[in-house]
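Note that the chains are named A, B, C and D in the order they appear, and that numbering of residues resets to 1 at the start of each chain.
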């Protein structure tokens, strides 16, 4: 694994647990973790349970005991590491968004295709697909329970930078993060809208905004979601420019003609991790809220209206996705379980040779949607087509 | 009153009840009701409690015992009736949307201004402003409890035409209804977004869609929300063209720079009357859902995070708007109470001479937003400014 | 009508509205209202829309233009007025609880039986049966959708006397109110448990408590739910003894062997009018909360577990009880509509001659349950049989 | 660890994870697991990550590399194993309920007291105390945010034996399980009521019931919550007698005079793991539902009524109990995290020498409440005092 902050800890929990809960064809072994600060990475290795610590990712991917490289760094380094790892014959799991630019993502897909011919995995970490309620929703859509789709409505609301004195962490700098709420939160909801509907977006119209344009510089190296300001909040603190969006709103059309709406923001006071999804079809509707992640709400429109309504399915039944391995009905899972499921699915893909879901190509397609969003926002919100993937 | 269908019944309940519950400076007397079908309007007068029945609205507004004309007809007749009534010296309450076109609405505003000089009322029926929870939300925003506003997020979802065999009622014909979900539902949410924020929209970007383009013609005269198809659903039923939108999605900017998103649709299976509102500011947030109309959810972002969260305020306390006149805490009100409150407020405006809220000018401003939405939708979603009202 | 406080206003709204909304075989006419204070009752008559005002209920029931007497006074006067009215040949609607003692209730049932032979109505005002969601729940139970019943779980939580300085209003005095939370709130939930299950309680075990045993005397005559203390809260305010229960908890067995639990309290801070019901059977479950009175939650246990869950039925569909007369789906009703429905049902019972539901016998049966609760509470909670009605 | 079924898997996840997430003074090492079936326990050891497998618990507790024994077996074996382990100088964590009888629990407490003098831990596994929202609720009660407590209302509803053909697993046999819903579910809610209120129950009144008195014998060895019937459901399947309660309802008084109500059942169709708690005091109220375990609802009764209401606190803030070690706000935890927290707290108690919470004495006290419940149920629900612990 490269990186050991928030995502590094979450992925470690996934690798450590997957084989203890699921019956896997191959077992993950936590060989080595890599980061630039030697003391910090050594501490992380001990705490998180990795066998070794490295400070240079090039050394990491050269190790013989490393067969899979899990990339948990900011987006600006994804392409370089992933392509090098694939070319070194390693399987790769890369955190989302796949890259900071479409060009990088295209190069990664090309590397993944070459590697696939050699039996290597290249998977992108849209972990929320592996929330049981989301995977159940996908199954129900695929079974036709929604009928013809009319609407997809997704938003991802957080509030961690509402305070204008929150410091200028890396997630607020374009050169590292690529974009702001759009890439961080918007990439998730674009992926989920397409995954759940089984369709791609064909065009978008977008507005973006940066509400707070300058912020205090952080005191030192800080993690993305938990920084504190770099000193007293008086005039003495140096400030820097926020170079990413704080919020992105966009609408779009799916291939079938269904309409989709999207909102990603870090300025929704009181909403902590509120990823909300609703799909409406002519035979039924589904709704989900990540703050209540064990629930899926389903309305069956084929029932008589007098007894119809949104039902709360607790996605904790043994025949729900991933639940065969966990607890009895009603004993809910948490956020990090998505990483356990991701690790398990990666192991299964490696063993079976099947194309992983989501693949690097899926990650590129999301990147193209984000690029169309940015282009539309720059061009006065005009409807902007999304470049399709080759057939 | 002109018209006696759904809105006529609801307004009648308002006029009948207002003076029995509120302590009013002038009492409404239900003098006469008007409709084209003599038998039907006679029956409606008896059932709803009107003193007389008329079949010609020109005769109605000429009656000496009529001092206020309440217009509950489809939008294509609003301008003609309202202007004539105002010029005949009558007070006017007109259902929303104010008119089907901006030009009509402008003429109505001009007539209202002339009439106001003579002490006449001209009020538009955006009744949801008078839901106690909404009026409480407005009060809290005005008190500064949200701080600087960042987001307004409103949607109005219904599902009554999901079935493609639902007939082509007047609400689906442009010549009578002006537009579809946009004018019927969108006008409410545009009004509420502006009312609650205390700001106007300065521009919008929009997508609209008509999912089902042909429908069976209705068997006879039908009310808007409760028609049945005109016979067997086989090939024998003649069909007509749907000439309005089924759904409208738009984003916009408010004068302060806050972002707003809107969705109005009649194709959200399982959503019956789901008008949802959320406002996020840097000091707090508010959320409301018309399907739970006695509740207002408030997050106070100035509290310590460890004990903060969205609280459910039951908008049934004696010091909440309109509640001084009703039941003890927890004994909720319903949909039609908004019309009781509207009737009471109209009486108070007449007695005090104060400009009513919402005025015809407010109605015109909403109409201009809807016009900008239609223009943007026609122009590939390009961001389209909203023509401001004169200062 | 006798009485013009909270219940008087609510019942007036029912009588005024029923014939304007429902198609009734006989129309109510609001002839006269009665109260002891001449000025106050005159004002109430004008405000609420009654044709005349009386100060002596004996005069009221002697009026020729009075055919039905609606009793909205405290429980200590119910028996005397109701029996006199029935013997004077009038129909009677009596607020709940039917009486303050079983003996009074028995005398009322005897009078009602004699009157029924003469075609007179004797109905008790358990208005919550007429909430559409509750009536729908009853219909679903009767259709067998719950199967064999196992549990009934009901509670009615309020908080209006949490403050120990809230004054000693009539509802806190045994001589007028009969009992406290038990008679006021407990009578409703006992009635609903039996109505919904279609079964009688056969025995109960109970705990009751008075948390605040002395309270300031009120300054003057005060209404039940809205009094203020009789002066400064210092030592100068005279205090009196609370002679009723503040809370009553009881469990019981229904005739079929199902278990039931009950809680009635006025000390649940934050719960305003929280009447919650849940029924569990082997084929399904139902849940209801009066603070969200337009919703009924239903779990169908015959569905596959993977897609089962409690669904939220909005009880606003045209084929739901009472809804044929009201608004389109999703446009909710409020508390007072239960009184409109009660008035309509009373008119229909009078016209058809059918035994009204709930009858005085139903009211007596509830009274016997409350008596068994009080007896159990006095006897160290021992399980106490409920005296059955004669077959 | 002794036992490797549902609880064994959950506890293993706790031991495996605690030291990877929390900064612990001593690190757990998973030395050996014990069960009677050699192949099964070997498989469990491999899957769950234990260093060795044993088939005799006496051998296990004699191992030098075992310093703590975690007992995850049915209740009938708790006393014997725990006492032997304590006397062998081992720390002990014992699953709830502490024992099947008061006498056994008393012997265990005596052994724990002797062991404590030698510095050994004796802790009982009421894991739900370690749900962050529950621990936060306890903190708020201790801070006085509820004021004088009036009501505690707890229920624990499941539905896994609604079907009368569900087989007669060990949890339905008195000789192994001690009691049914009472010991399994009721012990949790008694513990939580007392833990949250900071008070003991002084007496109870109870009803219990076994709805389905005979069930098919299981085909083979089955786990508690996931058995299937032992063959065709026709007449051929042998049946056995259910010797425990299916449901237990009880009310009680806390030491302060507050009232408490309890319901534990396995017959609430649609309720999977519905442990609901509400506490009402004169300064505030708290509510919790285990099916939404990341939420705590708090009503502050000291606020003005016009802006008061139950607020949803997401118990995922860094200063909430246990959350310093997990994910950013809004990223929820699941059921098994309670076992991670339990493992961490056990390690800390061992290191500090502090009396663990909950101790064996706490477990005994719960056992005495359960015994009083059973006694009351046998004696016609008469109010039955709970034997207090020695001061």
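Criterion: a contact is a pair of C-beta atoms (placed from the backbone, for glycine too) under 8 Å apart; a residue touches a chain by one contact, two chains touch by 3 or more.
The chain lineup, named per UniProt: A, B, C, D = Gfo/Idh/MocA family protein.
Bear in mind the structure is a predicted one, so any value in this text is a computation, not a measurement.
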> If you tally the C-beta contacts for A-C and for A-D, which one comes out higher?
Replying inline: A-D
> Going by the average position of its CA atoms, which chain sits the greatest distance from chain A (Gfo/Idh/MocA family protein)?
Replying inline: C
>> Using Cα averages as centroids, what's the distance between chain A (Gfo/Idh/MocA family protein) and chain D (Gfo/Idh/MocA family protein) in whole Å?
In response: 36
>> Based only on mean CA positions, could you tell me how far chain A (Gfo/Idh/MocA family protein) sits from chain C (Gfo/Idh/MocA family protein) in angstrom?
In response: 54
> Among the residues of chain C (Gfo/Idh/MocA family protein), which ones contact at least 2 other chains?
Replying inline: 271, 299, 308-310, 314, 329
> Which residues of chain D (Gfo/Idh/MocA family protein) touch chain A (Gfo/Idh/MocA family protein) in the complex?
Replying inline: 6, 10, 12-13, 16-17, 20-21, 23, 47-49, 158, 160, 225-226, 271-274, 290-294, 314, 316, 318, 327-337
> Okay, in this complex, where on chain C (Gfo/Idh/MocA family protein) does chain A (Gfo/Idh/MocA family protein) touch?
Replying inline: 136, 140, 298-299, 305-314, 317, 319-320, 329
>> Give the list of chain C (Gfo/Idh/MocA family protein) residues in touch with chain D (Gfo/Idh/MocA family protein) in this complex.
In response: 150-151, 153, 155, 157, 159, 162-164, 205, 207, 209, 211, 247, 249-253, 257, 259, 261, 263, 265, 267-271, 278, 280-285, 299, 301, 308-310, 376, 380-383
